[in-house]
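These notes open a run of structures that come right after.
Next come two complexes built around chain A: one with chain B, the other with chain C.
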Partner chain A sequence: MSAEVSVPPARRSITASPIFGKIAASLVALFISFLLGALLVLALGESPLEVYGLLISGSLVGMPNFLVTLQMMSPLIFTGLAVAISFRAGLANIGAEGQMLVGALCAGYVGYAVELPALIHLPLCLLAAFVGGLVWALLPALLRVYLNVNEIVVCLMMNPIALLLTGYLSTRVLKAPGPTNKLPDIQPTAELSTFSLFSQANTGLIFALVLCLIFAVVNVRTMRGFEWQMIGKNAKFAYYGGVDVRRRALTVFLVSGGIAGLAGAEQVLGQYRAYYDDFSPGYGFDGIAVAMLAQFNPLAVPLAALLFGALNGGSAVLQMMTGLSKHLVQVLQFIVVLVLAAKLSWDWLKLGRSQTAAPGSDPPAEGPHVTAGDR
Partner chain B sequence: MLNSFKSWIAGALFVASAAIAPSAQAEIKVAMVTSESGLGDRSFNDMMLAGMERAEEELGAEFVVIQPRAVSEFQSTLARAAGQDFDIIIGSSFDMIEPMRAVAEAFPDQAFGLVDVGPEPIADNVVSTVTKDWEGSFLVGWIAAKETETGTIGFVGGADIPIIHRFFIGYYYGAKMANPDVEVIETYTGSFTDPAGGKEYTLANVAEGADINFAVAGATSAGVIDGAVESGTFAIGVDSNQNYMAPGSVLTSMVKRVDTQAYDMIASVADDSFQGGSVLYYGLAEDGVAAAMDEHNEGLIADEVLAEVEELRQKLLDGEIVVPNYFDLEAGQEMMGEPPMATPPSVRNASEL
Partner chain C sequence: MSEPAPVIEMRNVVKRFGDFTAIHDANIDLRPGEIHALVGENGAGKSTLMNVLYGLLPRSGGEVLLRGEPVDYGSPNEAIAAGIGMVPQHFKLANSFTVAENIILGSEPTRGFNRLDRRRAAEETAEISRRFGLEVQPGDVVGDLAVGLRQQVEILKTLYRKAEVLIFDEPTAVLTPQETRELFNTMRNLAAAGNTIVFITHKLGEVLAVSDRISVMKQGRIVATLDNRDVTAQQIAALMVGRSVILRVDKAPPSELGAPLLRIRDLCARGERGEVAVDNLSLDVRAGEIVGLAGVQGNGQDELVECIAGLRRRASGDIEICGKPTGRTPGDNRDLGLAYVPADRAHVGLSLESGLWENLSIGHLESFRWGPFMRTGAARKRAGELIERFDVRGGEIDKFAGSLSGGNQQKVQIARELTRPAPLIIAEQPSQGVDIGAIESIHRILVEMRDAGRAVFVISADLDEIFSISDRILVIYRGRIVADLAAEDTDQEEVGRYMGGLEDRPRDGASPERTAHVG
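Coming up: the complex of A and B.
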């Protein structure tokens, strides 16, 4: 009985502390990874203060540097958001890289092959990218939701297939004349405009931020957002609570793929102005780290993307000033990922497996199509 | 935690301003901007680095290498490097032409260099180079004709397009100069990304008697080299040193000496002879092309053949030999180059080029 008495304070602590607890957790993880990184830099015989100083000043101080950071973070907001909303629903969509490539190709194709006024052309290209990413997510999503096939494996296989498929199309079928493997340049009506000589940062960034805002509202203020979270927390509970787990899971997976496709649109319409074969240095994979750091919260995704964007943006300055290799910055990033992964697995161990049961597992398989409780 | 962050930033600003202040008085400061494949590519980027190291050694130049991760980072990287006080910023990649033009126009006082691109000038403060690949092809054609045992050599091109024909004409001219009786088989796979096709064409050439095949075919070249290994013949690589791809089966590689080209740019800044807006041509005489010799093809080419290469170089320098450029030929033309020699059937019998 005393347990019941203690319910109100416990509830209050659940609603109040998680925000701070979560932020603190991410900051602690960052702090630990920067300490580890500092040790590494010391081992290389460089001063950690100088290296981090250059990374920070080279990414945030001064308009050119900051604009480059904005350029670097733009694709990561899209891929980070894509991964975040899928993970929040208990679906590990780690196929954002492939979905982005297919989305980029679709945007690049519609961008050059269609002639329309800008008011229609640009949205059409974005839509093409969204659909491209969505279609690429369809196979892992269906397999996951209806046959309970592990989406991690399928997504991982879809990524190289996307790279090879887009590579084939852009080097053989649709290639523009010239020495570079790319599609013809997009029409000016399909461009996302840039602001500066120093950076390819473009209006796609604003679009990305608005998307994050939209999903933050959807997650917290709508029934769908609540159901997505519920199937992520405990699919069985959600099922018995009347959620159409399969349909919700499918929607989340496909929307996640579509958003990853939009990352490709930002690259092609804003940064490259044409689809370039194999353009991505791994924005889709970086998106996983961004989403983890943001703890799958859409509002935190831009901040996490800012950190990774800043590391990449500062990298060039670090190379200019010290002669250190670009690989150092990549290693520093990977350390962040490693610490975050360690933290996640620690949470997982602490909570036990029951809570991490994902949608599409047992319950829906028991009965036929259950929609009775769907609101 | 917030405090430690603040102190980081404070420290960072301090260190950064210290770093931006001119450091040790090196003669020349050079920034090399790689293509997106970066260092370790065993190709242009690594070769450019060799040019930087040579400039460091011989000219006392100080250099940094900046490696963008993607083509989209070229422009911002060049622009930010232009804001530092480098004496010259050197890049390599066709994809860097447009970004460098934009940045060079915004920083008219900054010297830039771009190696191995097209013949069009890029901007008033950019020196660019064109590699006379036809002279390099001439050289390896000459070596192939000297080294063949069957009296037949082959050419495996990617697409059947003028820029690749230019390699063939040089190759053919060199081969005929070394040995007028040599047979040269001209083939094109139709693709730069088809190793399997490259292998088929190579084996077909071998079946017709060719024991050396020159691969000018991008990724298809891997198949040409594969075919050489399988049939116990030789392949010749192109652009960068590909000898390592199959030691003992790659006779040599026709390399574009982007290291020489980059080094000369730095040297021109060092002695104030930098001519912005100029396009420099690099052939055999300028050390802009070479037949790669390393541990992987040691002993494959006879010493006396190699000794004669130096004579060829001198003759090119004196104008005694002029290797024909395909773009100067006309359909049906019968003789080409200096000394004049018969054109191949693909030119002589063509109705248009």
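Coming up: the complex of A and C.
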């Protein structure tokens, strides 16, 4: 606007290319966790190279192994995507486990109790799972959005409630005849078909990948995606800027819950063909790790899920071939999460420090400015 | 006057941030028993220099001598141990703790088995407080204290740690004139007891009133150190800016005033702690005028503006924007025709960790709508044009807003808000943290907006700014408008008296029409 406006030099600490920085952060976290894992394996008296070799060959080499990995990663894509969507909008939906269980039960019930042609039955089951997950997310979402109750706490409490509720329904109310705690088998019309006899990997995987693609587009190309992102970055700013923050946040939370519910549908309709009590080894919680590793980017979720799925798939082989427990793999996964979380809090710490270190009128955090009128 | 040996000498101190040099070869000596003012514009490096002395920032070159001995503080703790104390501008106190607890926090007196000795803490606090004529009671809870008293707690904190050099960083920015006078008395008492006071400020009147010596900083250099005896405010001002200070923006007198675009009647609102912040306030801002709202911070300005913007619920009263009552959310009020440049850039006005194009697009989203989709390409293109048009230096559309300096962040806000087709503009502290060149251009933009027939409402704690651009000046004191003055008929002293609550009502001698709009 004027010739003699000051020239404040740009601060350089924020990276020019955020995308490379993000990828690097994930890779560094992986590298550190595998390094620590190697030390652990050494301490247990095994060769890290051999162990990692087994993990890779056991999960990725050979069609049967690879199909098992695909089977393992499918639910993680759903839960990872669910968590990623909510975190991107600044909402910590860590209740994917409970939402998945409820979604699975709904899919399992509609799957056996209703008789319809496949063209309608399967979508109806998926819808039921989506609605189930959504309903289970409703309470934490409403409390968060309207009363500002911490959603993490509520979600954490909703998870065991979901486990106990589905457990009660599947062992008492809707239990199939026989010794197993499960619902009756679903109708063939509700099945997600598998690719091969060797694995339970099914068309749900393709559905999951398509969903990731859709949300990648939603995030960067739609009004809603833009608004969600702004809410996540600075909700007060979004509100000030005219975004209907409450309604949008509610939508995100519910959609996130619905997608977590779809993870349950994939399990019931594609893998087990019935709702089994307590079927989940913690896919909902692993989804948090997957989402973090993917840096909440829908396109990166399948890659992160592939890695976690491969680790899970390889762990069985590992346990058979060495004296190591398959829990070693969980340790590795947890280290990844810890390193990534440490990085997140590191940013937060730095931000806090720069604010406290900048009292007065000339805060260095704002970047020093000079007047370039003369001299 | 004899010249005692300096307590502290800073020799050729250099401070760099990356490849930017914030402090160039600064030389300064501080003598015992003196009040040494450090003046300069925002961004001249005053605070940076003192942060180097206090150990908050490592220096990049030069040396610091304490009583002749070279020292190098890695942290404020070492500086405190050596007798240097800082009274920060933004108080760092635990509001739920008592005065005594705040004062001992971090260096608690203990008795056997490391137990906290509260009684001794209270006694020592009271003792220091008495010695320097301060008024705070050790048992008072800090959250209940007025701003001036909280500052005294900060002062006591440094004295409790046996500070002999006290750095006051813009101490008067938050004080009423009354509290400022008390602070100056305290400073004089402290200096008389042999302490060294560094007084960072950019208010020249205060400098001349209280200091013994004055160091002037400009663009990271100390350009002069003067005895208070031989200087005038004009001389210091000239040294500070290196050119004559432009006090008022060139502007034509306001043309015909139009309809009131902002109309507030009997507004009441409560503050964060439930106190009455805005008290039966009424005002109008009409198309074609710039109205400045002057007032010491914390007299209800923030709450008033938040009510207008829709960020705060009002307790009662009516607000109309462009003739229509305000809605429930900021979005509603924007639709009515409000453009709002908030003071809190970091939390409200910008998303610091988002790209400039995102920051520039919010509030304009509908213009990029294509069904459910967003034409991000168009949004980015427009952002690039705005960056160029409003001269945002160092601006690239993908750069984070947080990477810009305060002045350029302000330009981003202004570019976004003023390009909305909104007849009412509210600019809150528009020149806060902005250097003088950018202030001029921001003021010029606001005047252009007025000339284009918009209504401009400027809220500022800075009287220079109020006088620089306003056609009409309102003064807010304790949530009420206590004066409504035509800018050309008043002066800073009169407005200052209203700001301090000294003229709550028009005196008998005051012309009645001046306070016609008193609410």
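Points worth noting:
Heads up, the rule we're going with is that the second predicted complex is superposed on the first by the 333 of 375 C-alpha atoms of A that agree within 3 Å, B and C clash if a C-alpha of one lies under 4 Å from a C-alpha of the other, contacts with A are read in each partner's own complex, and residues count from 1 in each chain.
Rule of thumb we're sticking to: a residue touches a chain if its C-beta (ideal position, glycine included) is under 8 Å from a C-beta of that chain, and two chains touch if they have at least 3 such contacts.
Computed from a predicted model, the values in this text were never measured in an experiment.
Once the two complexes are overlaid on the shared chain, A:Tyr276 sits against chain B while remaining clear of chain C. In the superposition on chain A, contact is made by A:Pro64 with chain B only, not with chain C. In the superposition on chain A, contact is made by A:Thr180 with chain B only, not with chain C.
Within the superposed three-chain model, A:Leu54 lies in touch with chain B and out of touch with chain C [touch as defined at top]. On chain C, the positions that touch chain A within their shared complex are 17-20, 22, 41-48, 50-51, 56-57, 86, 88-90, 92, 169-170, 200, 202, 219-220, 241-243, 309, 311, 329-331, 334-335, 340, 342, 347-354, 358, 361-363, 365, 368-369, 372-374, 376, 389-391, 393-394, 398-400, 402-408, 433, 435-438, 440-441, 444-445. Within the complex, the chain A residues that touch chain B are 27-28, 31, 47, 49-50, 52-58, 61, 64-65, 67-68, 71-72, 171-172, 178-180, 197-200, 267, 271-272, 276, 279-281, 312, 315-317, 319-323, 325-326. Looking at the complex, you find that chain B touches chain A at residues 1, 4, 8-9, 11-16, 19-20, 31, 36, 38-39, 64-73, 75-77, 79-81, 83-84, 94-95, 102-103, 106, 191-193.
If you check the complex, the residues on chain A that touch chain C are 1-2, 4-14, 18, 220-227, 229-230, 233-234, 236-244, 356-357, 359-364, 366-375.
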